[in-house]
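Structures for review follow.
Look for chain A in each of the two complexes below; its partner is chain B in the first and chain C in the second.
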Partner chain A sequence: MTTYSAPLRDISFVLHELLDIGQFSHIAPFKAATPTVVEAILKAAARLCEQVLLPINRSGDEEGCRLENGVVRTPSGFREAYQTFAEGGWTSLACDPAFGGQGLPEVVNLAVAEMACSSNLAFYTYPALSHAAYNLIGTHGSDEVKRAFLPRLVDGRWSATMCLTEPHCGTDLGLIRTKAQPESEVGYKLSGTKIFVTGGDHDLTENIVHLVLARLPQAPPGTTGLSLFLVPKYLVNSNGSLGPRNGVSCGSIEKKMGINASATCVMNFDGATGYLIGKKGRGLHCMLSMMDIARLTVGLQGLGLAETAYQRARAYARERLQGRAITGAQCPDRQADPIIVHADVRRMLLTMKAYNEGARALAYWVALHVDLSRQHPDPEARQEAEDLVQLMTPVVKSFFTDYGFEATNLGLQIFGGHGYIREHGMEQLVRDARVGQLYEGTNGIQALDLVRRKIVKKSGRLLRRFFDPIDRFINEQKNYSRMREFTLPLAQAFAKLQQVTAWVVEQGAKDPQQAAAAASDYLRLFALVALGSTWAKIAKVSYAALDNAGEKRFYEGKIITARFYMRRLLPQTSSLVRAIRSGSRPIMELDAEAF
Partner chain B sequence: MTTYSAPLRDISFVLHELLDIGQFSHIAPFKAATPTVVEAILKAAARLCEQVLLPINRSGDEEGCRLENGVVRTPSGFREAYQTFAEGGWTSLACDPAFGGQGLPEVVNLAVAEMACSSNLAFYTYPALSHAAYNLIGTHGSDEVKRAFLPRLVDGRWSATMCLTEPHCGTDLGLIRTKAQPESEVGYKLSGTKIFVTGGDHDLTENIVHLVLARLPQAPPGTTGLSLFLVPKYLVNSNGSLGPRNGVSCGSIEKKMGINASATCVMNFDGATGYLIGKKGRGLHCMLSMMDIARLTVGLQGLGLAETAYQRARAYARERLQGRAITGAQCPDRQADPIIVHADVRRMLLTMKAYNEGARALAYWVALHVDLSRQHPDPEARQEAEDLVQLMTPVVKSFFTDYGFEATNLGLQIFGGHGYIREHGMEQLVRDARVGQLYEGTNGIQALDLVRRKIVKKSGRLLRRFFDPIDRFINEQKNYSRMREFTLPLAQAFAKLQQVTAWVVEQGAKDPQQAAAAASDYLRLFALVALGSTWAKIAKVSYAALDNAGEKRFYEGKIITARFYMRRLLPQTSSLVRAIRSGSRPIMELDAEAF
Partner chain C sequence: MKILVPVKRVVDFNVKVRVKSDQTGVELANVKMSMNPFDEIAIEEAIRLKEAGKGEEIIVVSIGPVQARETIRTGLAMGGDRGILVKWDAEAEPLAVAKLLKAIVDEESPDLVIMGKQAIDDDCNQTGQMLAQMLGWAQGTFASEITVGDGSLNVTREIDGGLETIEIKMPAVVTTDLRLNEPRYASLPNIMKAKRKEIAEKTPEDYGVDMTPRLTILKVEEPAGRQAGIKVESVAELVEKLREEGVI
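Let's turn to the complex of A and B:
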C-alpha cells in the first residue's frame, strides 16, 4: 500500500507538450535542458524517490527525530538516503555552475521536488530549505559569503535553515527580539531564541547555515528594524575547512501532528557569530526572496502528497471488492465489484485527479517564469515574468496546500475505516499535508498578500500578466465547437473573477476591511479560475494530439478530466462570489466579547 | 489550552426557548423533565465532563490502549473516570425505569453526550455503544434476554459492542462469513473474525456484551442471510452472576490516526455461545435500529469536537497579540492587537460558531423526535416523528462529521504553527474528528441512504415531514420586515433544494446513476438548507426575546450569527446545485483503467 510511481508521462506532458520548454532553448538554463537530458534526469529522480526516499517514509513517521545530548538524530535510514541524494547531485540541479551547480532550469528542479514530496515529504524539507537559502545568498550575499558558503550548499555537504519567528511573534515578525551586536568589521554576535526552525539541527550534513532575522542596536521597532545574518553551526576557516562550534544550539524539538522525521527546532543563539546579509534594516526584504521560492515549494508539497494519495486510493478502488454497481453487477464472477464502479468513489478520485493534473501544469508554468524572470535576455520579459511569479506565488502556496489537504482526505475516505489505520499510510499523508497550510505564512496571510500587496497596491499591473493571456485564449478558442464546453464555463468564471476583482479593488480602496474580509474566498476563486484556464489549455493540446498520436486513451483521459473539472469543480466559483459580495459587515459586526 | 466550558446557556436556549420541550410535559419521559430538573442534570454533567473527562483526554491520546496477554488496558485514569461516570447514573439517563433507568428524554441524554464528546471523545465511545445496544436489545430482545442484560447495561457495570464488518467486507455486510451453529434450544455457537470493533475488549466494565451479525447454516448469501446474536464476554448464570469466560477474545488492537484511548479491536469468535436477537434472517434489520441512534451520536461527535475547537480558538484569538487591525491599532498600549481583530480570524471563528449553534439546534430537534417517535400517545404523531428521524439521521451523521472536521481544522488554523504542535491539543481534535466521517457507515453511504432509501423509494412521504414546516415558517414570517434578511435567502435556497430534489427523483427513476452521482452534494445541500431554516427560527426566537430580556447581547449575538450564516455559509448551495445538475456523465465516462 506504500506504492508510488512517479507520474513521468504526466510531467513530460506538461513540460514538453503544454509548456513546450524547448522554445526557450536560447535562454541559458534551457540550453542544456534538451528533452533527452530532461527525460534522463526525471527518470533517475523517479528511481531515487521510489527506491530510496519512499521506503523510509512510514518508518520515519513512526520513529520521528530525537534530541540526544543537544544533537538531533534523524530516523533510521535518513543519513544514508541523504548521502545518496547529495552524491547523486540532486541538491545542485538548478544551481549556478560557478558554484558547482548543474545550471538546469528551476522548472526541472521543481518536477524533481514534486516527486520527492510525493515520496517522503519530511525528508525533502531538509534539501528544500537549503535550495531556498542558496537562492537568497546568491541574490543578497557578498562575494566572500557566496564563495565560502554556496559551494557547500550546492554539493549538499551543508544544509540551511530560516530562523524567523519567536515564541511571541507568530506571523508578526515586527515583534522579533533577537539581537545582533557588532563585533568586528564583518562580524556580529547574535543572541535570542527562534522557534519553528525546520532542520535547525540534524545529523545529515557536516554543517548547518542559519539565516537569522535579528535587530541591531538602536534599530527601530517593527520590521524595518530587522537585518539578516548568516550564522553557521560551525565557523568556517579561511581555507574552507570547519572551525570551532559556533554559539548556536538546539534547545528542544517539537512533537507535531505530522512530518515527524523533519526536526522542528527551538534554536538558542548565545553570542553566536553571524555575518550580515544584504543591507542593514533590509532583513525582511532579503528573507522574502528566500520565502518566495520556499512558498512555491510548499505549494508543491500539497500536490506531491495529493498525487501519492490519488495513486494509492486508485489502486485500492480497483482492488477492493464491495457491493455491486448500482446499474447491476460488473464482475458477476466475483463476490462483489471493485469499488471504482461506484459514482461517489469516482467523484472523489476524479476530484483528486483533476486538481493534481491541473495544479501540476499551473505550478510548472509559474516555475518556468521563475527561470524567465532570472535568465531572459530581455529586461522587459524578465519583469513580466517576475510580475507573474509575484502574483501567483501566494495562490500556489495557499490553494495547493488547501486542496492537498482536501485531496489526501478524499484518498483516506476511499479506504473507508482502513484509511484511519496507521499501517495503510493514508492518514500520514493527511497529517503531513496539514502543515503546508500553516508554515511559510499561514494561508490567510497568503490571501492578504494576494489581495492587498499584489492586487490593490499594484493597481492591476501584476494582474494583467495573468488576465491578458486568459482573455486571448478564450477569444482564440471560442469558435472551435469542441472547445466550447471548456471555454464557455471558463469565460463565465473569468468574467466573475474580473467583476469581483474590480469590486474588491474599489471597495478595498474605500474600506480596507472589505478587502481583508474577501481575501481567503478571493484567493480560492482566483485559483479555481487559474486551474480552469489550465484545464482548457490541456483540453486544447490534448484534442490536437488525439488524432495523430498512438496514445489516444491518455489524451482522451485528459479531455474527460477537463470536462469533470468544468462541470464539477469550477462551479465552486458561484458560491465564492456570493460570499465575497456579502462584504465585511457579517464578519466584523460581532463584538469580540460576544463570540 | 485544554479549556472547555460546557455551553449550558446555549443548550438551555435550544431545549427551552427554541424547542420548548415543556410543551410535551404530558408525554412520559418529559413529565419528569421539568426545566429545574433538566438544568440540574446538565450542570452536573458539565461538572463531570470538565473535571473528570477533560483532564484525561490528552494523556489518553498520548498513552493509547495496550493489549497485554489478551487483555486490553485503557489509559491511566479511564477506569476511575468510568466508575465515576457509571456511579453518577450517566449510563441510565434515558433508559426505561423498568430496567433501572431514569426515564428521561433522549434529547436530554444527547445534550449530555455532546458535552462528553467535547471533553473526551475516546472515553465516550464506550458508553455510547452501550446505550445504542440498550436500545437494540430493548426493541428486539426476548424478555429473558432483556431481564438478563438490560439492567447491567443501564447501570453501566457491563458495556456493549457492535460486531459487524470483517476484513474482506467493509461496507458490504452481505459478504459476512461469521457462522452461527445451533447448539441447544436457545443457544448458538459462533465462529469467525470481526474487525473494527469499538470497545471489543477493555478494563472498564465487568462484562462486555457483543452484538454480532452471523450466518446460520443454510442461510442464503447476502444480507438476507444474516441473523443477530448476543455474545457475552462472560456467560451469565441464571441468578445474574458472571459465569465462565465465553469463547470470544481480542486478537489485536489497531494503531489509528486518533481516538487512541478507544480500543478498536479485532475480535475472534471460537465457538462462542450466543443468543439469537430478533428473527432469523433479520439481523441487519435489527442492527439498523442500533445504528440509527449510534449514527445520531456520531453526528453529535462532530459538534462536540467542533465546540471545543471553537472555544479554544476563541480564547487563543483573544489572547494572542500579533499585528495591527487593518483599520489601525485597537490596543495601542500593547505591542500588538489580539488576532480576533483580523477579518480572516473572525471569518473562521464565525464559521465554527454558526455551524455549531445551528447544528446543536438541529440535532436536538431530531433527538426530540426520537422521543416522540417512541412515546407520543398518538400513533400518527409517532409515525410522523419516526419519518423525520429516518430522514434526518444520515444528514446529521454525515454533515455534522464533515463540518466537524472542517471546524476543528479551522480551530487549528487559528493557532497558526502552534496548532500543529501536539501540546496545544488542537491537532488531536482534528485527528479525533476524522473518524466520524468513516465509522457507522462512511459519509458516502449516508448520502446514498438519504437519496435512495429515504427520498427516491419513499416517494416524498418522509420529505414532507421536513419540507412542510419550512414552507409554513417562510409563509408565516415573510411579512415581518426584520425577518426578511433571513427568510429571503432561506426561501431561495429552499426553492433550489425542492427543484433539485424533483430533478434527482425524476432522473434517478430513469437512471439510478444520476441519483448516486448527486448523493454527496445533495446531502450537503439538504443539510445547509436544514441549518438555514434552523438559523431563521433562532433569529425569530431571538428577536422576540431581545426586548424583554436582560440578555440583549446574547440574543443579538444569535441574530448576528444567523446573518453570517445566511450571507457567508448558505451561499454554498449555489455551487452544489450546479454540480448536481451536471449529472453523472462527467463522473462515469472515464474508463476505470484510464484513472
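Let's turn to the complex of A and C:
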C-alpha cells in the first residue's frame, strides 16, 4: 500500500501551461530547460524517487538512526540510496556550472524536491540542507572558501548543516553562547553546544560542513553580536583532500515523533577550527539568506507528504467497500459501495486535492521568482521577483506545513482504523508532517515575520507586487461569464484581505500587540486568498485548453476542483476576518495565572 | 563492435490498463507511457559491453509516434550514442517491425542487435526471432547472461526447467530476459548530454516497408475477475476438492 506515483502530469501543467517557463528561455538557467528536457529530467527523478527513495521510507522510520561510538549510522539502505542520488547528479541540478552544477532553474529543482519529499522526507532532509548551504556559501563565502567547499557540496560527496539552536535558545537567537576565538588570520576556534542539528552527523558523506552561528569575543549581546562560521567535520587540506578530524562531534541524537531516519543531533564544538563567512556581526543576516530557500523547501515538504497521503487515500477510497451511498446503491452487484461515494469522504479527498494542486502551482510560482530574482537581466525585474519571494516565503513555509499536517491527517481519517495502525503507512505521514510546522522558524514566527516585517516593508511595496496583479487579473476576467464563479468569490475575499491588511498595519503601528494577535490568522487568510487567485488562474488556463480540445478529464477535473476551492475552502476567510478584527483583547485579557 | 538496440514505447508497467468501451483495444489517451522494461535491459547490456571495451557505438532505434523520440532520448540518457526514429502512428505488428529493423540493420551493419524478448503491451515475443531469420543471423533468445568471445557469443538462456548456455556466431540477435541485468538510473548530466545527441527521423517508406496489418483484432476484453476462494477444514477435504476439480 505504500505507493506513490509522481504527479508528472500536474507538474508539467504548472511548469509549462500555467507558468509557461518557456517564456524565460532567454535567461541563463532556462536556456537548457526546454519542455522536453524538463520532462526527461522529471521523469528520471520520479523514477529514482519511486524506486529508490520510497522503498526505504517505512523501514527507515522503523529502524531510525543510531549513535555508535560517537558515529551516527543511518538506517539500512540509506547509504546506497544517497550514493545513487548523488552519483546521478541530483544534488547539482540548480547549482552553478562553475562549481560542477548543471545550472538548471531552481523551480525544476523544487519540483524534484517535492517528489523526494513525497517519497522519503527523512532522506531528503540531508541533501536539502546541503543545497541551502550551497546557496549561502555561494552568496557570502570568500572565493577561497567557495573553491574549497562548493564543488563537494555540488557533487554531493559532502553535506552540510545549519547550527543555530542551543539548549537555552531556539527562536531567540540573540541568546546564543557558542564562542569563536580568533586563532590565525583566517581561522577561529569554536566552542559550545548546538542542538536540533539536522544531519549533524551521519554516514552518507565523506565530510560534513557545519554552518555555525557564534559570538566573537567582545561582541555585543543580542543578534548583532553573532557571526557565521564554517566548521568542517574533517579539515580540508590545500589540495582538497581530507585532513585530520576537527573538534566537532555528535553528543547524542534525539528520539522524536517523526522523520526518524533523519539524524537530529546534539553537536559539541570543542575548539573546532572554523572559517568566517560574511562580515563579523552579520551572521544572522547571512544565515537568514540560507533560510529563505530552506523555508520554501520546508513548505514543499508539507505539500510532498500531503500529495502522498492524497494518492493513498484516493486509492483506498476507490477500493474500500463500506455502506451504501445515501441516495441508493451505486454498485448493486457488490457487497457494498466504495467509500468514495460518501459525501464526507469526498469532502476530505477534495480538500486534499484542492490544497495540493493549488499549493503546487503557488510554490512553483514562488520558486520561479527565486530564479528571476537571481538571473533576470533587468535589475528592476530582479528586484520585483526578490520582493515577491520575500513576501511569499513565510506564507509558503507556514501555510503549506499547516495544511500538510491537516491533509495527512485527513488521509489517515479516510483509512479509518487502518490509518491509525502502522501497516498502511498513513500514520507515518502524519508524524513526519508535524515537524514542518516547527523547524526553520516556527509557524508563529513566520506569521510575525509576515505582519511585522514583510507587509510593511518598503511602505508596502512587497505587498503591492502581489496585490496589483491579482487586481488586474480580476478586472481582466470579470466580464467572461464562465469565469465569474471564480473571480467573484476571489474578488470578495481579496477585498477583505486588503481591508484587513490596512487594519492590521494601522492598528499594529499604534499597538504592536494588535499585529501580533492577528498574525497567525492573517497569514492563513493571506494564504487562502493567494491560493484562490492561483485556482482562478488554473480555471482560466483549463478552460482555454478545453476550448482547444485538450484532455477532457484532466482539465474538467481542474475546473471542478477550482469550484470546490472557491465554494468550500475560500469561505474560511470570512471567519478569519472576524477573528482578526476582534483585536488583541480576547487573547490578552486573561491573566497568566488564570490559565 | 556496433550494437543496435530497438526500443518500444509502451504503457508504463505501473498503469492499470482499461479496455476501450468499443473493445478495439486498451485506452491509451492520457496514460503514462515508458520504455518497454525488457528494452531498458537491452540498452543496459549494450552499455555494459561498451564500458567493458567490447562495443564502440550504440544505436537506439524506435518505431512509433513522434513521442517515441523521448523513449529514444531515455536510451541516449542511459548511454546510447545516437538514435533513429521511424515515425509510424498506427499499430505496428512484429512482422512489419522485423522487416523495418532488417532494413536498418542492412544500412547500419551492426555486429549485434540486442532487444527485449517481448514488449509488455502485446506480449508477442516474435520480433527478435523474425529479425534473426530474415537476416540469416544466429539468435540467442531469453538471455540471462552474455559473454563475448572471439567472433562469437555465449548466451545463457532461461528455458523451461533451467538455464541453457549456447555459443552463437556473430553477427547475432540477442533478446533479453528480466534477469540479464538491472538497468541503471539515468544521471542528470547524461540527460543533459543526451539532448545534444542526434536522432535521425525516418518513415517506413524510406525503407520500402509495407506496414499494413496482417492481423485483425476481433475484440479486446478484460480478463475474468478472480473468484473468491474457500477455506477447507482438513487435508481430506482439500484432497476431495482437488479431485472434484479434476486437478488430481
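Brief remarks on what is shown
Definition applied: the second predicted complex is superposed on the first by the 591 of 595 C-alpha atoms of A that agree within 3 Å, B and C clash if a C-alpha of one lies under 4 Å from a C-alpha of the other, contacts with A are read in each partner's own complex, and residues count from 1 in each chain.
The rule is short, and it goes like this: a contact is a pair of C-beta atoms (placed from the backbone, for glycine too) under 8 Å apart; a residue touches a chain by one contact, two chains touch by 3 or more.
Keep in mind that this is a model prediction, so the values were computed, not measured.
Touch counts on chain A: comparing chain C and chain B, the chain ahead is B. In the superposed pair of complexes, A:T393 makes contact with neither chain B nor chain C.
Using the contact criterion defined above for the overlaid structures, shared-chain residue A:R553 touches chain B and also reaches chain C. Touch criterion met: A:G89 reaches chain C, while chain B stays clear of it. In the superposition on chain A, A:L8 contacts chain C only, with no contact to chain B.
Looking at the shared chain after the overlay, A:A32 reaches chain C, while chain B stays out of its contact range. Touch criterion met: A:E423 reaches chain B, while chain C stays clear of it.
Contacts of A:A44 after superposition on the shared chain: chain C is touched, whereas chain B is not. Common to the chain B and chain C interfaces on chain A are residues 553. Against chain A, in their complex, chain B makes its touches with residues 165, 168-172, 174-175, 196, 254-258, 314, 317-318, 320-323, 326-327, 335-336, 338, 340-350, 353, 405, 409, 412-413, 416-423, 427, 430-431, 434-435, 437-439, 442-444, 447-448, 511-513, 516-517, 519-520, 553, 556-557, 560-561, 563-564, 567-568, 571-576, 578-579, 582, 584, 586-595. Chain A contributes residues 5, 8-9, 32, 34, 36-37, 39-41, 43-44, 47-48, 51-52, 84, 87-90, 92-93, 102, 551, 553-554 to its touches with chain C in the complex.
Taken together, the chain C residues at the contact with chain A in this complex read 14, 29-30, 32, 70, 73-74, 77, 185-189, 191-192, 194-195.
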